[in-house]
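Note that subunit A is present in both complexes that follow, paired respectively with subunit B and with subunit C.
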Partner chain A sequence: MRVEVENVSFTYMKDTPFETTALRNVSLTLEAGVYHAIVGHTGSGKSTLMQLFNGLEKPTSGKVSVGEWEITPETKQRDLHELRRHAGVVFQFPESQLFEETILKDVMFGPLNHGKTKAEAETVAREALLRTGMPAELHDRSPFELSGGQMRRTAIAGVLAMEPQLLLLDEPTAGLDPEGQQEIMQLFYDWYREKEARTIVLISHDMNQVARFAENVVIMEQGEKQLAEKASALFTDESLLKKYQLAMPEHARLLKRLEDASGKPLDLNAFSDEAALERLLRFLREGDADA
Partner chain B sequence: MDPIIVEDLSFSYTAEQLVLQDINFRVKQGEWVAIAGHNGSGKSTLAKCLNGLLMPKSGEVITCGRNTKDKETIMDLRRRAGMVFQQPDNQLVAPTVADDVAFGLENAGIPFKEMQERVKESIHRMKLDGLEDREPHRLSGGQKQRVALAGITALRPEVIILDEATSMLDPVGRQEVQEMMRTLCREEGITIVSITHDVEEASEADRMLVMHEGRLLADDTPREIFRQQEVLVQAKLTLPLPVKLSRMLREEGIRLPQDIMSEQELVDALCEWK
Partner chain C sequence: MLKNVIIGQYVPGRSFVHSLDPRSKLITIFLFMIFIFISRDPFVLSSAVLLTAAAFLTAGIPFKFFWKGIRIILIIVVLTFTLHLFMTQEGMVLLDLGWITIYSGGLIEGGLIALRLFLLIILATMLTLTTTPVDLTDGMERLMKPLKRVKVPTHELALMMSIALRFIPTLLEETQKIVKAQTARGASFSQGSLWKRVNALIPVLIPLFVSSFKRAEDLAIAMEARGYAGGEGRTKFRQLSWRTRDTMIVSFLLLFGVFSIITRIS
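Let's look at the complex of A and B:
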């Protein structure tokens, strides 16, 4: 689903002494079928922006269009019920929202709530659980008997079982160990690749993760949009990254250091181990050819 | 005497399963020890045993010369061995930064004048000058963790235990806290025990303990541990990038020194490669 944000501002607790402006006159377009990321420091407004994309919050002024839905300050919450099915959100620590007696029931809750029959809901729930790496023998367990990583997977299954077209991910791997992080990110990526129209918007502090998966990056700062750029262009441009105080992803940074030390230009557009290895081998072998 | 002595420590939350099994190690005065392991490996449980938040099921933990089982000395032990937790929001209690830093001192019965001096000094050390009257909950994650550290350092501890204190922070906050750890350990000689799954952070430590399924799988320098493929695979630890890439290059038949750890070392080796 395409997301279009037009002149959107958002103020928390408007007309109270606690009034805080989280977004200032933001306009941007996130095309359908693309993996997007929103980056920025704590308090930059990125999470607030994302909460507009499934109607969890409404803009204080301006308009947000998500697929065929339009969200303005006047939009009624009940008109957004259907949007929530198409735009699934995985928050930070989604496991804190588990509540049912069994994992299966927990994952079935959303589909049932959106009009699926019990049999249909069970089918999509089981599929979603298997996809997130939760084997059948765990489906009848209580969510509270699970490890932290399994609870996270169950919560993600709950979102995928809604069969969304747009997936909104707000720091989905916070607090997981590196292996868990990698597995969860790969799972989202596989989901994304399955169908042309599927769209992801990821919020993450981890520039390695963003560079690895996202194609398009939006930079937010103090409630304003600073830049929308292709990931491959942004993450290989040291001065641009410096300007927005973003870390260069580790593979590109290593190649950059090597380029500076050796004086030989290198292709910095490498955000995985395999891509970096390929660049390093080429560097060494070309050196050979010169000699 | 070593500030941390762990002997035959076992621990369980329930009757069935031991979360920690037969753990033995010592930490020397002024040492920086990283405890690494995947989620569920027992590393946070171990951290909570070190300052008596959890009691051994069997075995002993002696921190700063005090057995954690001794109720008489437990408060004294916790003053000597302070702990910073993962969630910055759950450990700040007072309405202002200065009050928060003073909180522990007040509890410890430090006279008012000395308290004021110590608060000022701690705030300065943690580079929080100018934020004294701010509300802690309005600070950034890195600042919050530094307030927590200031509250601990004001008590002049011998040991500081950080339980994944950087894992919820953005990269800037992480660097801020790591820099403070460096200062406290390298310049002031405070013993640091840092629980982490960030291998980059662990690679700075003097020693690394690797936990897996409640047992101590390895206890060595980070450099040595990053060489032990079996340990890393079993403990599900990710190698720091320079270590991983030099290994991949060696597998491609590129001859490189065995003990490359840092980005700089790898870049140098590649530039000199023939």
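Let's look at the complex of A and C:
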């Protein structure tokens, strides 16, 4: 689903001594069928921005359009119920939302809320659990007996089971070990690739992750949008990264060093192991040819 | 609705009310409470209203914020008023509908109780709004000190209270987060029958309990890791300081009390 944000501002706890402005006059468009990322420092307003995309928060002023839905300050909560089926959110530490007696029942919660029958809900729930790597023999266990990683997978299955078109990810791998992080990110990517129309918006502090998966990057700072740029262009531009205090992804950094050391121009646009390896091999082969 | 809860919140400030010692604030409110519940004298009660208003104005708490916060609690005031209105059978009959009779005594009693509760709620809310939780519990601990002789675990009581106060905002934040997560999964808290709405709370309450227990465990471990072993021999970094203004306000309240007792007896 396409997301369009027009002149949106957002203030927390308006009219209290704790009033804080989280978003200032933000306008941006996130096209459908694209993997987007929102980056920025803590408190830059990226989480708030994302919560506007499925109506969990309503803008204090301005307008957000998500697919065919429009969210303005006047929008009623009940009009957003249907939107939430199409726009799923995986929050930071989503395992804190688990509550049912069994894993299966917990994953069925979303589909049941959106009018699926028990049988239908069970089918989609089992599918979602298998997709997230939760084998069938675990489905009847209590979610509170699981390991942290398994709880995370269950919670993610609970979101995927609603069959959303737009998936909002707020630091979905925070607190996982490196291997777990990679598996979870791959899982989302496979989901995204499955259907043309699927859209992902990822919030992450890990620039390796962002560069590896996202096609379009939005930079937020102090509640304002700073830049929206193609990932390949942003992460190969050292001065741009420096300006926004972002780290260059590891693979690109390695190639950049090689470029600086050898004096030969290199294509830095490589953010996965495979792509970086391919560039390195090509560099070595060309070196051989020169010799 | 959750956004408006102001119990346990502290609004920083430099007003006269803020600067009072927590002990004098506690004593003042305690005395005030006793006196307004003793007195039926219109002069005493109206001066109580004025005192409360003056305290509120000097504290500099934004009215809109305050009003939003106590609105929910005021239901209790309205409820008690209505109960007294219908249950008291004294004085002249004001309204007789056959199945229901309202007496003038009921109106007076109801109004009196409502006013007392109202003032109490305002002052109690202001106490937490103008005093940091640490100061509040320190004050309580000091005031309870004499009870230690009769083996009342005053330090532990104060600690329990400060932990409870400290975690009210955390718990609210956590609740909000879980409500959001479940709303995103299609839960609805404002639709359907009462039964449905009560049931809708289960997906919020269970995660909340789970995380509270976990947090309590973490806190206990963190305290032990830092060598906490109860109140015995513990010194305080923050010292409370009783100043002239504290003596002034407490003696003023005592005077007010004597006055209200005199009017009650005569």
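Here is the rule we use: the second predicted complex is superposed on the first by the 291 of 291 C-alpha atoms of A that agree within 3 Å, B and C clash if a C-alpha of one lies under 4 Å from a C-alpha of the other, contacts with A are read in each partner's own complex, and residues count from 1 in each chain.
In this section, a contact is a pair of C-beta atoms (placed from the backbone, for glycine too) under 8 Å apart; a residue touches a chain by one contact, two chains touch by 3 or more.
Everything quoted here is computed from the prediction, not taken from an experiment.
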Touched partner set for A:279, first subunit B, second subunit C, both or neither: neither
Partner chain in contact with A:36 - subunit B first, subunit C second, else both or neither: neither
Subunit B versus subunit C as contact partner of A:178, first or second or both or neither: first
Partner chain in contact with A:126 - subunit B first, subunit C second, else both or neither: neither
Which of subunit B and subunit C A:225 touches, first, second, both or neither: neither
First, second, both or neither for A:148, with subunit B first and subunit C second: first
Which of subunit B and subunit C A:105 touches, first, second, both or neither: neither
Residues on subunit A engaged by subunit C in the complex (per definition of touch): 13, 15-17, 51, 54, 56, 77-78, 81, 84-85, 88-89, 91, 94, 96-99, 109-110, 113-114, 144, 158-159, 162
Subunit A-facing residues of subunit B, complex: 38-40, 86, 140-141, 167-168, 170-173, 197, 199, 236-238, 241-242, 244-245, 248-249, 252, 254, 263-264, 266-268, 270-271, 273
In the complex, subunit A residues that touch subunit B: 41-43, 147-149, 174-180, 205, 207, 245, 247, 250-251, 253-254, 257-258, 261-262, 273, 276-277, 280-281, 283-284, 287
Contacting residues of subunit C [partner subunit A, same complex]: 3, 11, 61-62, 64-65, 68, 174, 177-178, 180-188, 190-191, 202-204, 206-207, 210-211
